[in-house]
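After this come two complexes, each holding chain A, first together with chain B and then together with chain C.
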Partner chain A sequence: MSRSKNLAIKYLAAAILFFGVMTLSGLLSAAYYINPQLLFGVLPFNIAKILHIDTMIIWLLMGFMGAVYWFLPEEFEREPVGIWAAEILFWIFAAAVLVVAAIFLFVQWGPATQTTLWLFQQGRKYVEAPRWAAIGVALVMLVFAWNVIGTAIKAGRITGIMAVMSVNMVPLVLLYLIAFPLIDNMAVDLYWWWWLVHLWVEATWEILIGCIMALAVMKLLDTSRRIVEGWLYIEVALVLGTGILGLGHHYFWIGTPDYWLGIGGFFSALEPLPLLGMVVHAIYDAGVHHMKTTNRPAFYWTLAEAFGNFLGAGVFGFMITLPQLNLFAHGTQWTVSHGHFAFWGAYACGVISICYIALQERRRLVTVNGAGWVWAFVLLNGGLIGMVGALLVAGMAQAFFERAIGGSTLEAFIAGQENPWFVLGMYNRFGFAVMFTVGYLALVWNLLALGRRETTVLIQPAPAE
Partner chain B sequence: MQYEDPNFWRAGAVSTTVVMAVVLIMLTIDSLGAISPGGSHVPPYTVINRHIEYAYDNKFGRDMPVIGKDEPLFGTPVNETDAAALIARGKLVIQSRACIDCHTFMGNGAYYAPDLTKAWLDPAWEAWIAITGAESKEEAMTRFLMKPDYYATWQRKMPNLGISRDEAVATVAYLKWLSSIDTNGFPIHFGRIQVNK
Partner chain C sequence: MTPSMFIFTSLSLGFMVLAAGAYALLYGAARFKCSRVLLFLASLAYAMLALDAVIVLLTTPLDPAWKLLIAASALAYLGIPPVTWRYLQRTHRDEGAHI
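Presenting the complex of A and B:
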């Protein structure tokens, strides 16, 4: 197996590990809502929350990198340029994530100095990691971009998918630089921060996962490259055509001029279009191939990706994106409901799909099936949808009682949090989070056991050396 | 047919992206002017020397900050340089304690604790003046930030984050300035409704 694919396996394994950290810290964050005295004075809510959202970014990023390193040698028929640097950086990256997690757990905060931002944490949502670690992430992204773009140049030829991926590497690296500056003015700070969060996650990540899923569909269903590339270009046009100015739906209330209400509302309302296109594409491909594939878990996780992206990012996002409703839903658990569904559907399902594709080849399995993956699939998706529903109920109660009726003061906030619908939502969210955690364990078990039990798979003989 | 040719869609993707990016850059230049201190939506940092209210504006049809007469923090006016230094330190406090991972600012952040966009204007501080034995709202806020676990608001207590008096004063200044930003009516009718539990 090529060095790139070996590195891919390492990245995918690390991704699944940090997926577990994200799940456990999310479960802990949910528990604080039920018992606010939990770990008081030992581990405040914000640290559990930071671990939850930062490891989410890290595991997905590692999953994407694993997927790209897996497909690179096949696309270019050669080892990636600078693979040695990527191999070294993997261990540094993984170690740095563990050190940062330890700092969050045991140091937690520091005095109001630049030293705190450099050594302990930066206190900006999603990019709380201290600057030394952020420099490391930037370096990893830079080498990742070099691996992709450099290999394309060295190979002297490029496919449409890899061309899109290569161009996408430039904003992927540049936008991350917004993780560094300290900006006193909160309005300006949030303005640029949304470039990082929206344009990174909702644009460059969407393009990256689009490329990855295009490669996955070709592998799973043997779809022709011409069709896949045509769809990919359409998706890029729609994602960026709606998403770049769709950024404006984050600019409704941060102090920016009110023309963003119209621009952001209009373009973000169109953002479900490319996601709908993915669903149409997935159904079409699945129908053409009569749902036949040698890797059922990968196939079903790919379908979950298409539907989850459309429902979670598209439909649930559309629900709260128009300013007339967002005025009430903004900053409530309604947003959290959308966020959970969107990240899960848009990215997590895709990464899990890639794990199964990689393991099929790694363990030389003719077919991948069995009951194990079904348990994981049902528990994870059931738990996630349950959480999303519970958060939606809680968020709607908050929007009505805290925002619309109460006027968003401290008193209104408390009234909203103590509302029986909100409380019910929090208990249900915790219950479904437990279900999700069991699903995670089932997934890990299935990934580890895949191919080791004859009842679930057929083993292909090792190729002759 | 050209629609079946991937190159047709590639050209569409490139041209759409370029057009949208150019429009975004133009809007960004305009927006940054509006949200700079002293811009059309964000008052200068010295607004902390003034009285601030939040009221419904019939002309714009939404809630807007109203800047009133002189009302300096702790009764002592600050000049432009000192105001900027206070705001800079206040932002450092907010980041060093990861406030945004419990609270929200302009609705952005975590959702475990109240939104702080208009916290300076919250009627609840009147009660905290009595609870903390302070003589003013800013002093009550300062004392609360230094010992939030002692002056607990409700069952979901804010932990003690080791905030010094200087840091607390800077944070209060920051929250006062923050409340003066025109946020297009968010949060709607803040502080004008008494909640009946």
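Presenting the complex of A and C:
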């Protein structure tokens, strides 16, 4: 197995590990809503939440990188340029994430000084990691881009998918640099911060996962490169057409000019349209292949990606995207339900699918099937759907009682938090979060056991002549 | 906008996209299976979408510009599944793998 593929396995393993950290810190965050006294004086809610959302970014990013390192040698028929640097940086990256997690857990906060900024945390949501760690992430991204673009140049040839991926590396690196400036005007700070959060997630990540899933579909369903690349170009056009200016839906209430209400609302409302095409495509592929594939878990996780993306980003997003409605719903658990569902559908399912594809080849399995993956699939998806449903109910109660009736006063906020619908939603969310955690354990168990059970078939080496 | 109308409008918009998804799903399945029943169900799903869009247009206090966008979206939802399906068939036929 090539060095790049070995590195890919390491990245995918690290991704699954940090997926676990994200899940446990999410479970803990959910528990605070039921018992606000929990771990009082030891670990505050905000730290558990930071761990939850930061590891969400990290595990998905590591999953993407693992997927790219997996496919690179196949696409270019050679080891990536600078693979040695990527191998070294993997260990530094993983160690840095663990050190930052330890800082969050044991140091937690510091005075408003440069020392805190550089050593403990930057305090900006999603990019709380201290500057030394942010520099590390930027370096990892830079080497990652070098691996992809450099290999394309060195190979002297490029496929359509790798061309899209190579171009996408430029904004992927540049946008992360927004994690660094210290801007003391909150409106200006949020204006640029959303470039990082939204444009990374709804532009560069969308294109990156599009490229990864294009390669996955070619491997899983033996779909021709020409078809896959044709759809990838359409997706890129749609992402550029709706996703970039969809950024405006984050600008509604942060102090930006009024025209963002129109721009943000309009382009966000267009975002479900391409997702509908994706649903039709998923049906077509599933039908053409009669749901038959040598790797059922990977195939089903790919389908879950298509439908989860449609429901999470499309349905849940459209409910709250128009400014007149977003005025009441933003910042409530309603937004949280949309965020959970959209991230799960758009990215998490895809990374899990890649894990199965990589393991099939790594462990030389002709087919991958069995009951283990079904348990993981049902528990994870069931838990997630239950969670977002409960959050939706809680968020609607907040938007209705706290915002629309109460007028967003402190008293209304407290009344909203004590409302039976909100409380019921929080209890249900915790219950489904437990289910999700059990699903995670089932997934880990299945990934570890794959190839060691009778449900899988090993490729037999050819007998010696 | 009253609190009740806010919830009603929001749920109506969510339902509209959900109905669009059901329409796409059933349309794809109907074309794949050459099933009139599924095609009828797909039409029913789109009818619900259209009805929902009309209710949003007539009863909610959304600004006229948003109502126009919703009406245009409802029409676009009608066309996306057939257009996508035809494109899929054409590309797969060219590759000799069409259904």
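Annotations for the structure displayed:
Methods note: the second predicted complex is superposed on the first by the 454 of 465 C-alpha atoms of A that agree within 3 Å, B and C clash if a C-alpha of one lies under 4 Å from a C-alpha of the other, contacts with A are read in each partner's own complex, and residues count from 1 in each chain.
The definition used in the following text is that a residue touches a chain if its C-beta (ideal position, glycine included) is under 8 Å from a C-beta of that chain, and two chains touch if they have at least 3 such contacts.
Remember, it's a predicted structure, so these values are computed and weren't measured experimentally.
By the touch criterion stated above, A:Ala404 is placed in contact with chain B and with chain C alike. The wider contact with chain A, measured as residues touched, comes from B rather than the other of chain B and chain C.
When the shared chain is aligned, chain B and chain C each come close enough to touch A:Arg226. In the superposed model, A:Phe328 lies in contact with both chain B and chain C. Touch criterion met: A:Pro36 reaches chain B, while chain C stays clear of it.
With both structures placed on the common chain, the touch criterion links A:Pro272 to chain C but leaves chain B unconnected. Comparing the two interfaces of chain A, the one with chain B and the one with chain C have residues 226, 230, 328, 404-405 in common.
Those residues of chain B that touch chain A in the complex are listed here as 4-6, 9-10, 12-13, 16-17, 20-21, 23-24, 27-28, 30-32, 34-37, 40-42, 84, 87-89, 91-102, 104-115, 117-119, 122-124, 149, 153-157, 159-162, 164, 167, 170, 178, 181-195, 197. On the side of chain C, the complex with chain A involves touching residues 1-3, 6-7, 9-11, 13-14, 16-18, 20-21, 24-25, 27-29, 32, 61-63, 65-66, 69-70, 73, 76-77, 80-81, 84-85, 88, 91-92, 94-95, 97, 99. Of all residues in chain A, those touching chain C in their complex are 224, 226-227, 230, 262, 265-266, 269-270, 272-273, 276-277, 279-281, 283-284, 287-288, 310-311, 314-316, 318-320, 322, 324-325, 328-329, 396, 399-400, 404-405. Note for the complex: chain A touches chain B at residues 32-33, 36-37, 40-41, 44-47, 49-50, 109-114, 116-117, 120-125, 128, 160, 182-191, 193, 226, 229-230, 233-234, 236-237, 240-241, 244-245, 247-248, 250-261, 263, 323, 327-328, 330-333, 335-336, 398, 403-415, 417-418.
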